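One chain, chain A, links the two complexes that follow: it is found with chain B in the first and with chain C in the second.
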Partner chain A sequence: MSTGLERGQQPPVDVTEDELAALIGDRALARDDHLNAPGFVIRPDDVQDVLTDLRDEAGFDHLANLTAQEYADRYESIYHLRKYADPTQEVSVVVPTTTDEPVSQTAEPVFRTADWHEREAFDLVGIDYEGHPDPRRILLPETWQGHPLSRGYDQEKPQLVTLTEHANPVQPDHHDDESDTMFLNIGPHHPATHGVLHIETVLDGETVVDVDPDIGYLHRCEEQMCQQGTYRHQIMPYPDRWDYVSAGLLNEWAYARTAEDLADIEVPEYAQVIRTMGAELCRIAAHMLALATFALDVYGDFTAIFQYGMRDREVVQDILEDLTGQRLMFNYFRLGGVAWDLPEPREEFFEKTRDFLDGLPAKVDEYNDLLTGNEIFQIRCHDTGILEPEVAKQYGCTGPVARGSGIDYDLRRDDPYGYYDNLEWDVVTEDGCDNYSRVLVRMQEVEESAKIIEQCVDLLEDWPEDERTVQSNVPRTLKPDADTEIYRSVEAAKGELGIYMRSDGTDKPGRFKIRSPCFHNLSALPEMSEGEYVPDLIASLGSLDIVLGEVDR
Partner chain B sequence: MSSEQPRTQIYDSTAPSTDTRDSRIGEGADDRFNSKLREAFGSTPFILTKFDKFMNWVRGNSMFMLQFGIACCSIEMMHTYAIKHDLDRFGAGVPRASPRQADVMIVPGTIVSKFGPRMKRVYDQMPEPKFVVGMGSCTISGGPFQEGYNVVKGAEEIIPIDIHVPGCPPRPEALVYGIAKLQERIRNGESTPVVVKPYELEEFGDLPQDELVQKLADDIDEEDLVMRYNWADSP
Partner chain C sequence: MSGATVAGGIDAMQALPAVPLQDTVLLPERIGELTGLDGFGLGGELLATFLAAFIVGNLMLAMTGVAGPWAKRKITAAFTDRIAVNRLGPAGLFIIIADSVRLLSKELVIPENADRPAYDLAPIVVASSALLGFAVIPMGSGIHLADPEVGLAYVFAVSGIASLGLVMAGYASANKYSMLGGLRAVAQNIAYEIPLVITGMSVVIFAGTLQMGEIVSAQAEPLVTIAGVSIPSWYALVNPFAFVLFLVANFAEVGRNPFDTPEAPTEIVAGYQTEYSSVYFVLIYLGEFLHIFLGGAIIATIFLGGPAGPGPAALGIVWFIIKIWGVFFATQWLRSAVPRVRIDQLIEIGWKGLLVLSFANLILTAVIVGVVT
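So, the complex of A and B:
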């Protein structure tokens, strides 16, 4: 698949704001600067033009997010662009459309990932994208009436949901005397889909001809819930439930970082170290589950590796429970710090964490013996589910999926936050682009996380007693200035977890949009599995490590 | 005593007859091979009980769970099946991937409008007698997402539920307790009466004609199954 980028001719990494303004030129109707990036307002029929220029001339090759929202007088789509080479370089392209006729040009030919994004924007907010290849609803059922995040939506309205048989989408093309295709529903209740994903698959023999992930079986209105909550306390419990595979603290950090930057809140250094340690513990737990369920997917191995993964997760969860008070839904971060200090007696907590870290190398060796060194496993995973880096960038893939395709992109290093900057650790990449590399990346990331935790424990142990401030002073009610807009992201277990927030002058956000890494990673599934065998489709799905709570939000 | 004569009463000791066992494994062997139950029965190999009672006892002690992951709670459910908590110890921990082979369905998570009809279908596919454990606040009332436009306010709106386990998510111990309670109920022969539910799968043609039905009439076949959500009537 061509991305339009010519090889050899690298666009510049650093682009100043003036250069951007010159590049967009007259097409910019106005400026609408966000806290994180310069924003340019453009006409709805200039979208492809401007985005192509930004991608090819200025090197913005990552469509991180697309936010749609309705104001009293207009609809707005905001394209948040950044660079894989340097994610601190950001630009927002704002596309307003009228209320009577909300039609905007599609960005799908420029960034493939805009496909799902624009479907979501149509589904929830109601903006039409002209020229979109597949203008359907994505999260809500096809028969849904109205667009729930638009103004004046009546939530009491009755709705009808059908339970019809799904039709084979390519049958007319393939049906003849010689060959016949078979339509196969995988999910929404299926052990290999990691939740309630539905994959409409068309098979020709054992080869996958067409794959269409059908999502939305766990769309529980996270954005609406966050828009109804106050900044200070009511939003924080929800991030835990996006990526619920024990990655709670990583998600909370996404919200904490965005809200702290929006309201200009300082976080004490001590709290940052605790956050860093907690987040990396969560990452280990999440990667352990990814590994365990992946083994379950490719081997059907419920007895050995799955149970081993669970055993090690229990240990991590115990430590996290000591720290936060909960096993899974931590609700431990607060704006401006964390809820409380480390548990007393501190020595016991440190000892427990150290014990876990000391035992980890042996466990990783065990996994390597059982899993990555296993011949059957290698045959299943090597050279299957190929995701080329250029394709991965087009789909906005991040996290271990991107790093398994050799894209050196990790927000902990590239867009530093917390205490990561002051610690010694490495970003893991693998060049294989296949299922095997993605597993290897996760396994090595566990070791890197352990390194980070070890350094954090050392720091916390020696921290002077009178400087242990866990929270800065934060006003009881937060009311950021009206119409401040921000997009911030952190490196969660699955990749770049970003949040766009617009304040409207009250103590609740005017618009809260979640940029989910799994959503993007999953959208690349057809690229990885079409033309391959069915078992490889399952392996690819497992190696993407999706969490439906985060895909559907 | 001759075995040709039917025995009308026990006139020797009622202590368990251990002759056969002793001759096999030597005298004074460990008692653990003979269960308390066996001792209570004495030498007779027969039990007299009501068949229904026996079946309930059997049912409660060999439950096949449906392997059914929905949301956050399914992670804790996996931990309940796995090492440390090990639900199988209680005779209730074999997850089956197919609803046709399962007795118990643990509903671990939020039910949304799109998934409601599918869950109903999966439940209908399970053979009788079947039992449902609702895990977590979402299956009770919609939990933290209750105000969501897309969230069904509790799984009981769609299928009957025997045991509710509260928590967000409940700890594995709580789920084990809930299942132990379910087993107790099954052993006692109790089950939840099926009440009329507000959300049922119906043929589209059978729905009362209103604005919404008329609007969708062109898109939906008369005989297609649909679920109609009357959000205003939800608790």
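So, the complex of A and C:
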């Protein structure tokens, strides 16, 4: 392999397409370029080899997503790789397998995050990953018949399983007489699981020995539903329901950005400013909730700090309600812009927003007094839930979780979209790698978001009246060229929220795959909590700030 | 109730004639006199004692009834920017009735594998151990059931029985969360009972007696007089260090924030009480509140001068209730503002911190008292 890249050195940040082609060499059977990245088709038994080379020699250290799909003549696994240092550097590794024998080599030894992804691909599409350490279903029950996203799947077929065959997920008591450990089901109904999450835990006294998150209780076929909606209007309401705790606009932006790039739609600058402002309001609301519920997990009761978080979030919710007409499921973005202009009278809206921003520093001080300055809180959160940056990268962690581990990765800056490029703000990172750092990151991000909103409000206030275009002209029916593939992501409240879409020539996507940040962050929970105490497990789970609606989709 | 006890109380009174705070006649005897029951020998005396116990028990239970469904909600709401119950009656007070009906009419669900006698006994043990403690507390206005010479030791002993109830509840529920909660409760109670008792002992060194009535009387002496206002020698003022130690150990002992690890919602669901419903739940809940009030009563008695306060001695019970509600208020304040410590940190604070400090306090008090007297 003459790649022009020296072994043993720090992988370069910039790798050209030719260098990539040379690195993969004749292991590439063909090219299958995507809109966002060059794509290389490789043999199913070269997966680990190629991914290792791409990671170690070209610096693609972030397995952002794995998409599995079935074509008429083949199955396909697409590994979407990018770099933590520069996420605009992307490459797709396409691994086709035959329909008769869909067996592909596992990527788990190269990227730990492939573990859950390949389980999902097996579960929903039906590809077997050879050498996978834990080849179980992940979203559907163990007894499910068939693979719902495969072509031959009969959606009408009843999923009736006799009682004796049905494995009760909370039944097994993994207790063997020899050991002193205790098996404990945390969830699916438990005060601290932030939704229906089931954590199979093995305890040695109060120490956590083994953690296995069992997800899928909130799986609502979001990908399938998006595949059955038309691009123009029918998909946009769904993203609101992924991360449903007030991150709606951030999620909508993920779809808007992907679909706009896929169909080559321009967005007016004015609409981008409104989008930026709305998205940051959502981020504040989402982070407030994250802080409040984390305090709930550590404090143990509905305490002052929880209620203060709710109180301040309420103001944001009111502003968002004025803007979008909704409190939870906004459905405000449109392809090519937003649904409507700011509410009239505009001055009132600006004043309300400014009032909130002016009051925010005092409230943040209050949080710092009550929460981060509290000594008991500090001894609870310092050095617990340790997530080393290298481990975080292996699990594909993004968002405040990654930034709390010192990974300087924020798509708003690194892969700019919207109006972020033109505004003054900073990416917050903390090097503590513990629960406390993650709290600090969220707290400071609230302040940064406030900065962004303030600049947006200034811009909007002075925007000339005749240039307030909220939507560009978008055809009523969108039919992107067949077999165009794209993976695009935005910085949602929890991290990198990405969408892979493949068009099949109709007005509906051929494949719609959601890259959920919570899914990746949650998969790192065992790394963070094994060897610590039960209360730390709960605190770590809270600090990840997962929303099961987004984990399970 | 014995003659010797009363005589002891009278002796103490004679030593301090200026402040007739402590009643020389205990409640059962007074009732016996008023109703003429004392004329019926032992049977009458027993009946009078039951009557007196009935009055004191109901007073405490009534306070719990106000605290649990209503005051707790209102106080927490005030701390957290909310309104809380306000629909039924003035300031939502009738929620107490509504809640009683609701709680008592719920289905009693008993786990299949529950260890029956223990499971049923646990709530009763938890609730009654606290009630027993009030027997020796001088509440002022003549409400004092008994004043044995070992009063303080008795209070610590009976309130310690609650640990047994918690273990029974945790073990007998056949639930892993309950089990963890029960284990935590034991670990915590053992760790904090010692500092609690040791700090209590430092008060005994001052007062020179374990008898509750005399501890109260001893605090009536003026500490200093500033501009004609006499400040009594409440032990909280004489030895604030012991007061703080005792307060902290007491919060841990009754399992309140930041030491509520045995229940620890969000971690182990509800700990030992996870599997209790309906009446049993009410009993456990009552027991917890009674223990908070008993803790408050002990603090009021040995540190805050018991029923002492401005105004006529007949107002004693009012001052006493204000003092224990003050302690209850503090528990709710902490609940709203302070995070819970982790179980290992809790044990560490108990064994490595409070225990050492409480012994230091005891020795220091002994030395100072020895030098001064």
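The working rule: the second predicted complex is superposed on the first by the 522 of 553 C-alpha atoms of A that agree within 3 Å, B and C clash if a C-alpha of one lies under 4 Å from a C-alpha of the other, contacts with A are read in each partner's own complex, and residues count from 1 in each chain.
Methods note: contacts are C-beta pairs under 8 Å (C-beta built on N, C-alpha and C of every residue); 3 or more make two chains touch, one makes a residue touch a chain.
The structure presented is a predicted model; accordingly, all values stated were derived computationally and were not measured.
Of the two partner chains placed by the overlay, chain B and chain C both lie in contact with A:Gln307.
Shared-chain residue A:Ala72: touches no atom of chain B or chain C. Once the two complexes are laid over each other on the shared chain, residue contacts for A:Pro191 go to chain B and to chain C alike. Legend: residue contacts after superposition of the two complexes on their common chain; A:Asn374 is shown touching chain C, with no touch to chain B. In the superposition on chain A, A:Val298 makes contact with chain C only, not with chain B.
In the superposition on chain A, contact of A:Ala362 is made with neither chain B nor chain C.
Taking chain A as the reference, the larger set of touched residues comes from B, when chain B and chain C are compared. Contact with chain B, but none with chain C, is seen for A:Tyr153 once the two complexes are overlaid on the shared chain.
Residue overlap on chain A between the chain B contacts of one complex and the chain C contacts of the other covers 190-191, 306-307, 311. Considering their complex, residues 76, 79-82, 176-177, 180, 257-258, 260, 264-269, 335-345 of chain C touch chain A.
Those residues of chain A whose C-beta lies close enough to touch chain B in the complex are 140-145, 148, 153, 155-164, 188-191, 194-196, 216-222, 224-225, 228, 237-238, 241, 244-246, 289, 306-307, 310-311, 313-314, 317, 327-329, 548-549. Across the interface of their complex, chain C is touched by residues 182, 184, 190-192, 206, 295-304, 306-308, 311, 370, 374, 376-377, 379-380, 533-536, 538 of chain A.
Chain B meets chain A in the complex at residues 67-72, 74-76, 78-79, 82-84, 97, 99, 109-110, 112-122, 138, 144-145, 147-151, 168-169, 171, 201, 204, 207, 212-213, 215-216, 219-221, 224-232.
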